[in-house]
Every structure is written in structure tokens, then in C-alpha cells.
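Next come two complexes built around chain A: one with chain B, the other with chain C.
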Partner chain A sequence: MKQILTFFLFVVVSTTLVYAQETNTKGILSGNLQVDGAYYTDSLSQSQRPEGFGINSYANFNYNYGKFTAGLRFELYQPPLMGYDTKYQGMGIPYKYLSYKADELEFTVGNFYEQYGSGMILRSYEEKTLGYDNALEGVQLKYNPFKGVYLKGLFARQRNFWDYDGLVRGIDGEIVINDALGIENTELPYLSIGGSFVSKYQDPQNTTLNLPGNVAAGAGRASVVYKGFNLSGEYAYKINDPSADNNYTYKNGQGLLINATYSTKGFGVYLTAKRLDNMYFRSNRNASATSYLINNPPAIAQEHTYSLSAMYPFATQANGEMGLQSQVSYKFKKNTPLGGKYGTKINVSLSKVYDIRRDSLDEYTAIGEKGTLGYNSNFFALGDHWYTDFNIKLDKKFSNNFKGSLTQMYQEFDNNIFHVGGYHHVIYSHITVADMTYKINNNNAVRLELQHLYTKNDKGNWAMAMLEYTVSPHWFFVVWDQVNYGGFGNTDNIEAFDEIEHFYNFSFGYTKKANRIQLSYGKQREGVVCAGGVCRYVPAYEGFMLSISSTF
Partner chain B sequence: MKYLSITFLTIVFASIFWTSCDKIEEPYFKPVYTERITLSELVADASNIDESNYNDFINTCSAYNNTLTMLILSGNTDIAGNSSEANSIVSMLSINTQDSLAMFDRKTVNGLYGVQKSFWNDALNNASSQQTIFNLSIDGSLNQSTQTFAGEVEVRCTNGYQTETKLTLYVVRDSVVCNNIVCNNVLTEAHELANFSEFRREQSETVDLNIDLSEYNNLDLISMIVVLTNNSNYEILQASEQFVSGITFTRTQNVLIEDFTGHLCGSCPRAHEEITRLHDLYGHQLIPMAIHYDPSGYFTSVTADYPDDFRTEIANEIGSSMGVQFNPIGYVNRIGSYSDKTIDFPFWENKFLELKNKEAKAGVVIDAIRNSNLLSASVYVKAFEQLDTLVKIQGFILEDGIISKQTDYNAYPTDIEDYEHNHVLRASINGLWGEDLTEVPFAQNSIVQKEFNFTLDQNKWNVENLTLIIIIYNDLTREIIQVESVKL
Partner chain C sequence: MRNLFFILTMMTGLLMTAQTSIPSVQIKTVDGKPFNTSDIVFDGPVIIDFWATWCKPCVKELNAIIEEYEALAEETGLKIYAVSIDNARTSARVAPFVNTNEWPYIVLLDANSDFKRAMNVINVPHVFIFDKNGNLVEQHTSYNEGDEEHLFELIRKLGKE
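Up next is the complex of A and B:
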């Protein structure tokens, strides 16, 4: 309690200070506050959080005065909510920076986030829902010598919970050719090329292995935009980087990402192909999970927002994966047989992900044997099938007051790779989602979400209904229930529950201007939360949740 | 111009980055070195071998711990047995047998295999300080009925080795008289055991051994030397030796119990009874030694009633230096503080039980022969783990079955006329505190051989009832590391 008081005191004092500054000068202060608290009523949560509650909170303050910007973020986890790493326990200001933009040169000291290209060799970001934060701490320079030429460099340590550790150095250059050459004709293809190098250093002292101290990765990228077409690609290469991820093998890593899109009014095609081989890149070779990651290759599968479609989410396997994601969307015009009065949108998406093919180096060496080159991999050969997601989504507006969408999805999910729960086979599932919104009048709206997941694997079938009632502009009420009814010997998972299980939630919230407060009570199923291919396991829990957010 | 400068900058940055990275070439594993045994070979013409050369060679080699010696006697000689093997080595390596040339792991010096006498020490120093990634071990024994030496040789490589290698076994013989000098370790036979195209990291290969030795009349003189050679330059990568008579070191910790006693000490038979009980119960692992020593001198004094004198200088030294104040009392492997190692006899068993299940740090094998009153013993000591302090070796002569008088307060009358005195310490064979076993440290798995010659006092002792005890002990703490006994 004392710590919470300290925290609020801190918020008050710092706001006052900054506010005082604001009145004297013409600087701009901005920021936000988020407090998520939970009071747990179930025994499992209480055993893991003996305090009985968890609180995640942070507040960002950014102050800008002309060319100068400074900011900090206070964070508090006392203790962290269920499902967040308890290494976050504590409070402090892990993120603070000063930045100055002097004409073409901009420099930042302290903490910053950065991404080179698609993030295959460097991506530093934070995702609060995942409890993921690999902020850099050091110095960063951005230089824009001529129009269309952007150079960046950094020298930094990495955040790992409350510590900063590791050593990362990087440079990145990008030339937007049209801008650099002063071409202003928009009819011509718009070209840009870029390249980046990132290297890390860790003491190579080791009794058994000859380890590299400096490990570098390089990447080159290009993109061309022409009318509705957009084609971009990035190739990344990493030299020998023996680490816990690859069982201390010395194979070079490589990654290739190609994006192609075409869009015109009412029609769009999107195609991504990706291949990763040994592309975990961390500033600490012994780290695992999400610690010390320097890079973060983009995920190739479609990310789902509906609760049951996101039940078996895809996670990027940087050790090796190859896949394809494609999506076609089309809008049937108004007043056509399929379009109806308001038009109909159809969206078809397919993602397929495979392991890369791995062959042993020779007859004596096991695949991935420590202290070897690991394996040979044919660039184009497919390995085991891991993931398929095929879905069709229809969006239809029936009247001015009523609209809805229907999604049908088929998924194959190799749980030996993704480890959602304790089931170790492929999960085949069919998921149906109907989402309907009815506007009663200008202030009142009802939304009904019906979802169903059919599978004979893992925990079996699920059904879910959610009703949301909104009274604009201040109030909203939500109630939902997720039902697991799949067991009874109907699945091949002998550990599946032989009873109907309800996971319900009641919540309401109040919003006024930039402040929002929400209170809920519910029972949460265990599951995995993913964002951008990075996932976090959340255990089941039951209790009261309070969430306050504010922006300023 | 500006594009040129950007290009230039990019190239500079890119090359700085790329060159600052550590590209690791194979092998990725750091080599794990093991201790090297060097094979030193003297090459000579059998009919023309020079005694001073031979002695110099042996002296040069004996200064190094981990070296084996072999004598390659070429030429047509019946004495050295089948010397065709020697001839083939000599011709293969084109060595002039008329010079006094030696080889140390068959490393070339100035392109030649034979090393001149003046360079022997340097060449051996160089060879024995080289590291090796090969472990060689011979595990064989003599089958008495068939007169074959059977077993296996294990080659283990701690790191990858891509060159072709050959495993060869040499049978060598001691006491070969050649040109009127007695030569040891003379090459008589060679057996090619195996060829290996390459070794991978941690690869081990086992080769079966079956060597017919029926043509030799004294197998105690035979030993086996196994070498692993590099097939392209003949260099010896590792060597190992086993005597045919078969030295097997065990890690069993033997325990010496020194019982301080006196023939006039009436309580002392209780300790004798205890030690007999323990010896019967635990057998060879418990080695008793009765030391007739009383600090006051009374219990061991020689009187008209007790005319036999069991007192010795060595008993005095052992007893007075480590805390004996009265009788009966004893030391158990001399565990305890530097100057007081005494333990009362009722507690000997506890101490023994505490020690007996420990793995010994060293193993001792005694090969002793008594020829009338001449004792000649070869003692082999192997360190199972590295011993970092000075280790000393000492030998004792004990006599059993001495029938003499003894005071016993439990007897009536208290004087027993025909008491049997056993394990009585008679003498040390190498001084009051023995001698240094080897240099410090005593490397793990290395074997030291010590030769002892001692004249037994036929007039005072019954030489038929003697036992030789060898102890090796830590000079810093005086604690006994290992003890072994053998009846003479």
C-alpha cells in the first residue's frame, strides 16, 4: 500500500512540476497513464499472487520544447498481474530520454525504440499486453544530409526487465531514390533502397567452445511502388551466432521477406512470403523466451481479434520457418445482386507455415548437434507442416442501423511447436464468428457477438456469446460467456474436461473526455496472447479487474 | 559529389562492421588436452651398442616423469629376438644406427628423425611438453594357460583429428644382454592394431588385443607399449605401456593402523585383540603395524625377564613425532593434526569405517621378490587425481609370528611366556621419513615406478615371516594417502 501511495505521490508531484514549467514556457507536455489492477478470488491465482491482487501501471510523460524533447516512463508492477513475468515485480523509471534535433541531425540519449527495415535484424519495441519491452539505452543519431537520404546509428544496451545489459551497435541507411534525384513525376515508379548492419558483443570466454564475441547481421531492402502495386523485400544475413536458441551451432542465419500488394477501389490483393533460418538474434547468447531479443521478424500469419479465432495463435519461429500469407478482398458494389443496398465486403485469407527442411551435415553428426555447423538446409525445400489458416469474412450493412459480419475459418495448428496448453498433437478446428451491431438511436447501440469453435482435439468445442451495450458518450456494459463443452470422450485428448465449463465476464465502463475507467468481474480461461508473432501465456484466473486510463 | 560521399561512407561503415565481427572457423569446440606420455627411443646397432650412450639415454629419460623408453636394436642379432621390426623402423625413418641417435615421439629435428646426443635433453623436453588430444589405455591381462596377452586398447580423441592415424603395439623385453651390456625395453615385436582415417570429437575406438607370448620364457620381463602415430609424418601422438605381469591399480582405500605397544604393557594385548578382530573382519584393506614404542621407555625396556628387544630407531621416530603419550594407542592412516594423530584403540574401527569407502587418491602396486636375504621391490604408484603437495614414499619391514614374552593384566600369572607378536615393525627400507615420490604436482593418472633393494637381517629376523609395507603420504600433513602390503 505504501508503494502505491508513493506512486500516486510521484504522479502528482511530477505533473505539478511539469505543469509549472508549462505555464512559464511554450513547451508542450503530453503523456498517458494506465492502471490495471486485479483482485483474484480463485485459489490458483492466490497461490501465485499471495498478495491476492496484481497491479500493472505505467505513466508516460513527454515534454517538447522547440527542438528539444525529453520524456520518461514510470512503471509499477506490485506484483504484476497474473500471466506477466514476476521478474517485473517492482517500480521505477526504466525509460527516460533526452532528444535534440539540430537541423539535419537528431540525437537521443537515454532510452529509445528503433526498427531497421522490417525488423529482421533490429526491432526494439514495447508491447504492454505482452509485457514485452526491449528498449535500448544508449545514444542514437539520425542524420538526414540530403533530401531522400536517411542515416541512423545507435550504440546501446538492452532492457531486460529492470536491468540494462548487452551491447548492440547498429547503422541503417535508406535512400528514397525519387526524392534524392528530385523526381516529382508521380506517374513514375517510386523506388527506395536501404541497408542496415547490427552487431552485438558478448564476452566470448568459454571453456568448451570457441565463441564469437562480436556477432553481426546485415540486411538489405528495396521497395517499389507503382500505381496500385507495391513490391518490397528484405534479405537478412547473420554470421555464426552459437546460442541457446540454436543449441550452440555455427550456421549462418538468413531471412527473406517479400511483400506484394495490389489495390484498387474495391479490390485488394496482399501476398507475403517469408523464410527464416536461424534468425534469433539476441545480445545474450544464453537467453531464452523474449529476453535480450535484438530483432523481431514480422509474423507471417494473420492476427485474429475474436476470442475463439485467437485461441490457437501463431507464434514466429525464428529458428526456422517458411510460409506464405495471402489475402484477397473485394467489395461487391451497391445495388448489385450480391452487393444489396449498401454493398458487401468479402475477404479471403490463407496462411500456411512450414518448418524449413533440415538435413544432417554428415553421417556422424546429429541435426543441430552442439559445436557443429548444425545442419544443411535447402532454401526451397519445405519441412513439416505447422500451421494453416484459411478464412472467409463477409461484412454486410443491412440498414442504416444494422450491420454485421460473418467469419468462417479453418485452422490446422501443430501444438508440438506452439505449445498452447499441454496437448501435443495437431489441432484441427473450424471456427464461426457472427458479429452484429444494432444502433437503437444516436446514443444507444447493441452489439452481439456469437462464436463457435469445433474441434475433436485438445479441449474440444467452444461456444461464446457476448453482448455489449453502449450509451454514448459515457457508459458501456459488456457481458459474455465462453463455454467449453468439448470433452465427454469426444476428443482425442484424455485430459480434456468431462464437464461443461463456463468462463464468463461482466464489465462496465465510464468514459469522459480523455479518461476511462472500467470495472469487471469474470473468470478467464487459460490461453496465449500474441502480438506480432510474439506470444505470452496467461493462466486461468477469476476475480475483479479495474482499469483506468488517461491521456493528456 | 554528395552521392559519392554517401557511397564512400556506406562502404567505410559496412567494412568496419564486417571486419569487427568474429567469424569462427572449425573446430568450434576448444580442444581438451590430456596428459602426454612420450616414447623415447634409442636406436643402435645390436652388435655395436655403446654402454655410455645407453646409460646417458636412460639418465636423460629418467629425469622426466611421463616418458617411456624403448630400445631399437637393429642389425642381425639373435639376442634381441626378432629384430626385423627394428630394422623396418630404422629403414622407414632412415636412421644411421652407427651414430648415437635417439627419437622422442619420432619428432624430426632439422628434418631428421634421429636426434644427436647433445640435443637429447632439449628434444625430450620439447616432446614431453607437447599437449595431446588422445587418450590411450591398455586393459589386458595374461592368460596363463594359453600364454596370450588378451584385452583391448582404447583410443579416445578429445577433439577432432582429420589426419590418418595408426595404432601399433610393440612388445618390449627387459634384461637383454647385448654387446655385454644389459638392456631393458628392447623392441622385439611390432603388431599393427588398427588404422583410423579420422577422429571426431569425443570419438573413442576400442581395438581387441590377442598377442601370443608363448615363445618367451620369462613373461615378467615383457611389457607392451602401444603408440598412436600420425600416418603421414610418423610422429607419435600418444603412448601407453602395460607390463604383461599386469599392474592393476585399484581405488580401494587401504588403511594402516599403527598400534603403539610394548611387551611390558599389560593393557596392550586388548589393543592386539582388537586389531586382530578388525583384521579378520575387514581383511587386506586393513593393514596393521605394531610399533613397540613407549615415550617413558618402560614398557619396551629390555630386562632379564624380557630379554627380546623390539625397539627400533624407526619406531622411536614414528611414535615420538606424532603424539604418542602412553600405551596402547594408535594412528589410523595418520589422520589428525600434524603433531598429534593418536586415536584410542576402541575408536580405530570407527575411523577405519570412515575411511574405507573413500576413493583413494592414489593406487600402489608392489612387485617384490625376496631372494634369500635380498629384497628387491618395484613399486608402482598411480595418482588417480592430481596431488598438489609433496608426496613421500616409505617402506617398512614387519615380522609376524615372533614368540616372546608379554605382560597381560587379564592373564594369571600376568606374564605370558609364549605370546605371539605379530606385525612387528622391524625396519624402514628407505630412511626415517622415506623419500620424495616424484615432483610436485603428481599429475593425475601418471604412474611412478620406484625400485628398492634392501638387505634383510637374517640374524635377527625370520625372513620367512616378513611383510613389506609401502606407504605414500602427504608431506605437508603426514596423512597417509595409500598403503599396500605384501608378504615376502
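Up next is the complex of A and C:
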């Protein structure tokens, strides 16, 4: 009987496979794996566990068969690496989905990510390096009824570590006018408009305040592209949403983001302006930090990647901020006095961010008093200065084997707002970075990075040198030392240590195709890691790190 | 029971063949036009290169590929899709960035990493190389100075097939 059954199964399976191959809709299994492990020899801080192992691991599997795709992600934090929230402790499959996609229709049940417009009222995403994941769980629909018309809808709960709760509903529509009207003339401006509506529901349990159960937010956006010009903007509005973020006040929230760029071969200019007022939007009104966030208004300041220029990173203040960022980049042509033989690139950038102006409602009410309308705010009035970043970067290729870049940056950072470390005052700093690469031959290259941060505040001065040696296509070796030589009475911070501190690292790695393994040993300084405007605090530690990643 | 195991193994083996098609994901071109990734055309070899404005090795690799790009495109029909995973914070900067670097590639914006996730990309740079029939021939992550030589060689080989 068993044999008959087996035979029958064999026939069914092979027929299906043969048929599938003939129609060229064979299923595809793909995925990836990432393991980050650490052995801490010393935590260098009292609050963390003194030593031991930490491991974060993720494995994704996606299976696609014709119009269907199914997938899942296994996650393991046993225990989580230092700096990741200990609420992640454990393992499981917090992400799984099944989706169907025909020509104009797509729907997903289970978990998914989504962004409406610039993310001002809805953005669900994951950033593993930050331990951030606000995946949605529910149903998502995307529909493209006509050319140029895109509709989306969702009904879902939100991920918070290992649980899903809260309730979020949203719709979004976008019309690409040229496509919808069938305008094919590419000489004409290219226009698109869009709008979204998101609402959340939470039981209004509070007895002292009359809280809204449903809170809605809407946003409208438009963009026009003409020749090298691109102008886009989004305005968002949120009805009163008393929450822990705004001390349970009833003021409506609003946000405005405008981007303007012009570029042509060898030249680009970029300007963005933003204003946010009371724009934290969470599916749980009592939550804080990065929990239950429905939206993610984009941060306005430039994102820095060199270690010392990223020492004091800007983070969006959704309760209220206004700012500007502008940038001009130009490439001096080859064979000109400034361009030299290979051309020279210059990039000048300025970011400025302020608080919004807040005025009390009347003489009897304090600004932001619980249960009131909070404050009045003049849309165009600036509040306190929070952040300035002005930098110039030069990129130059000197010969076929030698190229380099030089960056000079000035930064003002109000640490009373951003709270990076314990020094809660304004930090003024000057940062210089030189980055040089020398190609020894076709496969071997060395790169030297020299960085310096000068400040009289916080921990004082820092210097850093990094040397990297690479052998294409498989190997890399890196060694660096970051030195804090700040104290000695040079800073106004009495807690700055009066001795030279070294934070060093040795690492090497091997890459083959899409598989990579990296081992390092070092002493990590306390700091903040940021990506996409969200930041994570990383405590100081000393130890070994092993990273493995693979895509298959 | 052993037979059943054998069949299941065989079935898995057949199903786990190399990725032959690109998942269909709705993203945007650098000038804001909607773009479905299943519309990628194969007239010759195709490179899909995931990068970001803040990723230095990514930018180095794309700058290194320029050297031979024109010649390869002419010889083999090569097309390069440079998919930026810059989010809303930096995606508006992509067009000026690309123009200043004078990149001749087709630049796409994957602002919420939907295409990145569908292609199982962990970190950038991550480069996928397809032959003219849309078969995935090779993929690699990270960039070391000189890696482009191997890439040029592979594209020339694919162009002759």
C-alpha cells in the first residue's frame, strides 16, 4: 500500500515538475543568512554584562512559484549583541507572508513593509544594524487599475520586538499624470500627485483625560520633473493625538517637506526644507523610544560615514523641528587647471536645524501643559538653534594608481537635545578626514584613512588612523586606532578623562561571490550608530566579533 | 518511506535551481517615474548593482566600471541598473550625485528596500550579473580595488555566448 502511495506521489510530483518546466514557471527558492557573534572580554561599562557571548542571527527564505510568493524570516538573539534591546532575547519566526501577484493586482497576507510618500505618516521598515523592525502584520493590497494610477491599502498590526499589536489602517493613491493621460512627449514636464490616509485605533482607557480612540493622519504630495529640474513636496496633517511624546496635549500635528534639485552632467545642486510639529505617530500612545512608530519623517541633515564625522549624529526630533539642507557638487573637467588629468570633484554641503517656536496659549497655561492644546506655534518662526553642519569635500584621482579625498567639516551640535553620552551642552567641533587609496597592481591595494576631530567640549580631541589592505577578489585586512586625547584641562567637561585612551581594531575577512566572513578583535568606543535617521546607542566593549553573511 | 524521502530530496533539488527571473517589484527611476523590475530588458548581459550614496565601496565600484562601460555596452549590449537603496532622507540627492559622477547607468530608487529584500541583499554593494537570457550567472557582495577586472572579463565572455 505504502509503495503504491509512493509511486502515485512520484507520478504526481514529476508530472507537475515537467509541466512546470515546460511552461517555464518552475519554482524558485532563494534567501540569505546573516550571523553576527561576539565574545566580550570586557564591557568597559558597569551597566552591561561584564563578559560572555552575544549572537544575532537572521535567515530569510523566499519561495516563488508563478504568481505566488511565500517567505519567512527566522531570527535569533541568544543573547542579543551589546547595544541591542534585551527585549529581543529569544528565537523564532516573527516574519512570514504569502503573496499573490497578477498583472495589475497584488495582495499579501501575513507580514510586510510599506511606505507612503516620504514616510511622513506611514513607513514600516527594518534596519537590522539598528535593531529596528516595525513590520506590519495583516493584509496589504496594491492595485494598478489604469496606466499611471497606483492604489494601495492595508489593515494591520505592528511588530514590537516579538509581539504584534496596535491597529493601523491606511490607503494611498498616486497618479502619474503624463502616463494616465497618455502623454508621450518627453519634452513636457513630468507630473505626479499622490495622497494617503492612515488611521490607528487604541482603546481610550484613560479616566482623567478624554482620549480619542481613532487618530487619523493625511498627507498630500506632488512632484514635477522637467529637464534637469526636480521639485517635490509633501504636506502631512495629523489630528489631535495626546500621547507620552507630547505630554498628552491636544494640538494637531503637521509636517512639510520640500526637495528641489537641479543637475546636469558634472554639476548638481540640492536643496531641502522641512518643518515638523507634533509628528510622532505611534499605534500605542504610551510608547516611547522606537516602539510602535507608524511613521518615519526623513531626517534633514547629511548622513556621515567616516567614524569621527559621525561621532555626533543628527537624529530627527518629530515633536518639532525645522531646517534646511543644501548641497552643491561640481566636477572640474579633465585637462583643466583645477581638473588635472583625471578631473576633480568638489562637494559643499550645509545643514541647519532649529527647534520650532513655541508660545504659551495664555498667561495661565504653561507650554505643553497636559490636557491642553499645548502651545501656539508660528509656522515660519525659528526656535533655538540645534544643529549646524558645514563641510567641503574634494575628490581627486592623481594617477592611474593613486586617488584620494579630503573633507573638512564644522559642526555645532546641541547635545541637550540629542543626548549622545552624558555631556548635555552644545558641542562645537572641527573635523578633518583624508582618505587615500594606492593600487599596487591589479589585485592589491592599500587605503589609508586619517581623521581628526578638534573640540573643547565633551571628551575633547580625537585622532584616528586606519590602514586597509585588500587582495581582489577575496581578502581584506584592516587595522585602526582611534585615540581620545581630549582631557588635560582642555575641555569644559570635568568628566573628560585625563589620559590618552586607545580604541583599536584588527579585522580581516574573506569574500567569495555572495558569501562573506569577517573576524575582528578590538576595543569599541561608546557611541551612536545611525542609519536613515534612526540611531542606536552602542556601549563601549572589548572583544571578538565574527560576522558571516550569505545570499543564495 | 525511504522512497518518499528520495522523492522529496529530488523535488527540492529541482526546485532549488538558480534564480532565473527577477522578482516583480514596483520601484522608481531616478527621475521619479514608476518602474517595475520585471520590465528589465535583456538585450545582452545585465548587471543589477545595489548601492547607496553613503556607501563608499559602492561608489568606488560604480566609478571603476565606468572606465570600460562604453566599450562593453557596444561590444556586448551590456546594461547596468544601479539600484539606490537611499531612503527618503537621501534619495532626493541621488540625481545630483549620479550626474556629478557622470554615471551612464540606468539609476533606480528603492527607497523602502522592497527590491533589495526581494533579491535577498544583506549589505551593499551587492552585484548580480545575468546573461542575455535572464539567467543569474554570478553575484558578489563587497568591493575590493581591482574586482572590476573580473567583471569585465565575465561580461566579455557572456557577450560572446
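General observations
Following the convention adopted for this analysis, the second predicted complex is superposed on the first by the 519 of 552 C-alpha atoms of A that agree within 3 Å, B and C clash if a C-alpha of one lies under 4 Å from a C-alpha of the other, contacts with A are read in each partner's own complex, and residues count from 1 in each chain.
As a convention for this text, a contact is a pair of C-beta atoms (placed from the backbone, for glycine too) under 8 Å apart; a residue touches a chain by one contact, two chains touch by 3 or more.
In this text, all values refer to a predicted model and were calculated from it rather than measured experimentally.
Which of chain B and chain C touches more residues of chain A: that partner is C. Of the two partner chains, chain C is the only one that A:26 touches; chain B does not reach it.
After overlaying the two complexes on the shared chain, residue contacts for A:266 are found with chain C alone; chain B is out of touch. After overlaying the two complexes on the shared chain, residue contacts for A:348 are found with neither chain B nor chain C.
Judged by the touch definition given at the top, the superposed model places A:209 against chain B, while chain C stays out of reach.
Once the two complexes are laid over each other on the shared chain, residue contacts for A:381 go to neither chain B nor chain C.
After overlaying the two complexes on the shared chain, residue contacts for A:240 are found with chain B alone; chain C is out of touch.
Shared-chain residue A:60: touches chain C; no touch with chain B. Residues of chain C touching chain A in their complex: 1, 3-4, 7, 11, 14-17, 19-21, 23-24, 26, 31-34, 54-56, 87-90, 92-93, 95-102, 111-114, 117-118, 120-123, 126, 138-142, 144-147, 149-150. Taken in their complex, chain A has these residues touching chain B: 145-146, 149, 151, 169, 171, 173, 175, 180, 195, 197, 199, 204, 206-216, 218, 239-240, 242, 250, 364, 371-372. Taken together, the chain A residues at the contact with chain C in this complex read 2-3, 6, 9-10, 13, 17, 26-32, 34, 60, 62-64, 69, 101, 113-115, 118-119, 123, 125-126, 142, 148, 150, 176, 179, 190, 192, 223, 225, 228, 230, 232, 259, 261-270, 272, 296, 298-300, 303, 305, 327, 329-331, 345, 347, 437, 439, 441-445, 447, 470-476, 509, 511, 513-516, 532-533, 549, 551-552. Interface of chain B with chain A (complex): residues 2-3, 6, 9-10, 13-14, 17-18, 20-24, 27-30, 32, 200-201.
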